[in-house]
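Common to both upcoming complexes is chain A, partnered first by chain B, then by chain C.
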Partner chain A sequence: MFTAAAAAIIVAMIIMLFRAIAGPTVYDRVLSVNSFGTKTVLLLAVLGFLMGRPAFLDIALLYALINFIATIAILKFFRYGRLSASMADMDLIRGDRR
Partner chain B sequence: MGHLILRVTIKLLFAPIILFALYVQFHGDYGPGGGFQAGVTLAAAFILHALGFGLDRCQKVIPPGWLPVGMALGVLIYAGTGIYTMLLGGNFLDYDVIQPDSHHHAGQHIGIIVVELGVGLAVAATMLQIFYAFAAREPEPMDDAW
Partner chain C sequence: MLLAEAVAPASELLAESEFPGLSAAFAVEIFILAMLAATAFAMIRMRQLFGVAMLSGIYSLLSAAFFVALDAVDVAFTEAAVGAGVSTVLVLSGIALTAKRELPVDRERTFLPLAIVLVVGAALVYATIDMPAFGDPNAPANVYVGAQYIERTPEDIEVPNIVTAVLASYRGFDTLGETVVVFTAGLACLLLLGAGSIRGGGRHDDEEH
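Entry: the complex of A and B
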């Protein structure tokens, strides 16, 4: 059953890769990369049970965390043009990027 | 105030990330982990805070001037443990001489924990320094800004 789940997740990851390559806007690509990361977390958890190594769950947890931070960083960079924007800058520029 | 949901999420996640970093640091003997991964996770907590609340607020908590001290101190702890075991008469990083009479390899455990603390400190400081160096860079003007 875990093998079937792993195969299904890998198929979903391949579909996500197509969207990441074809995505017309940068937001499509960010969304697809974020979804790809989520599926990587699921695959890590399933592989952990498949191989009988539950310590994989720690790695999956950490991967979910890094995936979240990377998505925030990419979105902030494309919205404000730099990573150092302060709270005042972020509230000032609400509309399009400078 | 914009980005309210994101900032509340970051505030909720900040402490658990540091707790997870400490778990990885001290559980490294028995599971996946160790000083390097713990240092990266610890730095990731502060990077996430800087992304959500601005670099200036993060640098108020951890001034950039501290980071080179942290890097050097981490390497000093690592090399100092090695020199200490040499002074006790063993080889460099020969942990067994710390507790030579122990039958449970207590010296190995003490040595590994101290060395991993040094690694974690150095890696966390280096990762944060790299992020500060990237983030402090001024953006290049857009093509239509000329």
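Entry: the complex of A and C
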């Protein structure tokens, strides 16, 4: 059953990879990378059971966290053009609230 | 081509049912390697640098998954944190400072780099021929102190993970030195860049008003 799950995840990864390579817009690529990261987390979890060591679930959890942070950073970059500019904008927004 | 090569082990895997876990993990490794190669070729072919940065993130995720499949869990941790997390962001901020698209290179100028890469790659492949097989108990890495670590860790340190025991206890002073070096480097970078730039937003505000 784990073999079937791994095969299904790998098929999904190949589809994501195709979209990341072919994707015409930036949004296609960002979304495919994020989704690919999720598939990697799932693959690691299944791989742990395939290799008989479910302790790999910890690594899958870490990957989930890193994937989330990386996606936030990419989107922040895409929104503000550079990573440092976003802080200034956020400060301005906070200043308006006061 | 790559996919066709990778599908073959999967059909073998369905045929042999004696070691389903082992061969399934092997098929997963083959698939990961095939996707790594496909990603690398796509990165070379692509001219839009944002897409290349995205693909390098995918490449890091795939290689981290491959490290986990090879049991190098600590390396996989580092690859996931540095490769997929930090370096994608660094590459993106590099793109912000330069151009969005890669300019095409003259065909004459590509021959020398290609030759160098081929020679270095052939040398590396030649060097792997002398290496012991993966997981070989008689390999030099496993005969000398490695066996001692494996035997003594349960009594000496009482930590289930031997890598953790080696890093944090047997080589504790070494790890402490490394941590001090990294901490000093980070501190020096912060001092050089200016501590105020951490909260650059406030300073930016002052300049504007």
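The working rule: the second predicted complex is superposed on the first by the 85 of 98 C-alpha atoms of A that agree within 3 Å, B and C clash if a C-alpha of one lies under 4 Å from a C-alpha of the other, contacts with A are read in each partner's own complex, and residues count from 1 in each chain.
Keep in mind that, in the parts below, a contact is a pair of C-beta atoms (placed from the backbone, for glycine too) under 8 Å apart; a residue touches a chain by one contact, two chains touch by 3 or more.
Owing to the predicted nature of the structure, the values given are computational and were not obtained by experimental measurement.
Colleague: Quick one: is A:Thr3 in contact with chain B, with chain C, with both, or with neither? Answer first, second, both or neither.
Modeller: A:Thr3 contacts chain C only, not chain B.
Colleague: Using the superposition described at the top, determine whether chain B or chain C touches more residues of chain A.
Modeller: The partner that reaches more residues of chain A in the superposed model: C.
Colleague: With the two structures laid over each other on chain A, which partner does A:Val26 touch: chain B (first), chain C (second), both, or neither?
Modeller: After superposition on chain A, A:Val26 lies in contact with chain C alone.
Colleague: Using the touch definition from the top, say if A:Leu61 reaches chain B (first), chain C (second), both or neither.
Modeller: first
Colleague: Based on the superposed arrangement, let me know which partner A:Ala73 touches: chain B (first), chain C (second), both, or neither?
Modeller: both
Colleague: For chain A, which residues lie in the overlap of the chain B contacts and the chain C contacts?
Modeller: Dual-contact residues (chain A): 59, 62, 66, 69, 73, 81-84, 87-88, 90-91.
Colleague: Name, in rising order, each residue of chain B that touches chain A in their complex.
Modeller: Chain B reaches chain A through residues 1-3, 6, 13, 17, 20, 24, 31-33, 37, 41, 44, 47-48, 50-57, 131, 134-139, 142, 145.
Colleague: If we count contacts the way the header does, which residues on chain A are in touch with chain C in the complex?
Modeller: For chain A paired with chain C, touching residues are 2-3, 6-7, 10, 13-14, 17, 20-21, 23, 26, 29-30, 32-33, 36-37, 40, 43-44, 47, 50-52, 56, 59, 62-63, 66-67, 69-70, 73-74, 77, 81-84, 87-88, 90-92, 95.
Colleague: Report the residues of chain C in contact with chain A in the complex, numbered from low to high.
Modeller: Contact set of chain C toward chain A: 3, 10, 13, 20-21, 24-25, 27-28, 31, 35, 38-39, 42, 46, 50-51, 54-55, 57-58, 61-62, 64-65, 68-69, 73, 76-77, 80-81, 84-85, 88-89, 92-93, 96, 199-202, 204-205.
Colleague: Given the complex with chain B, which residues does chain A contribute to the contact?
Modeller: Chain A residues touching chain B: 55, 58-59, 61-62, 65-66, 68-69, 72-73, 76, 81-91, 94, 98.
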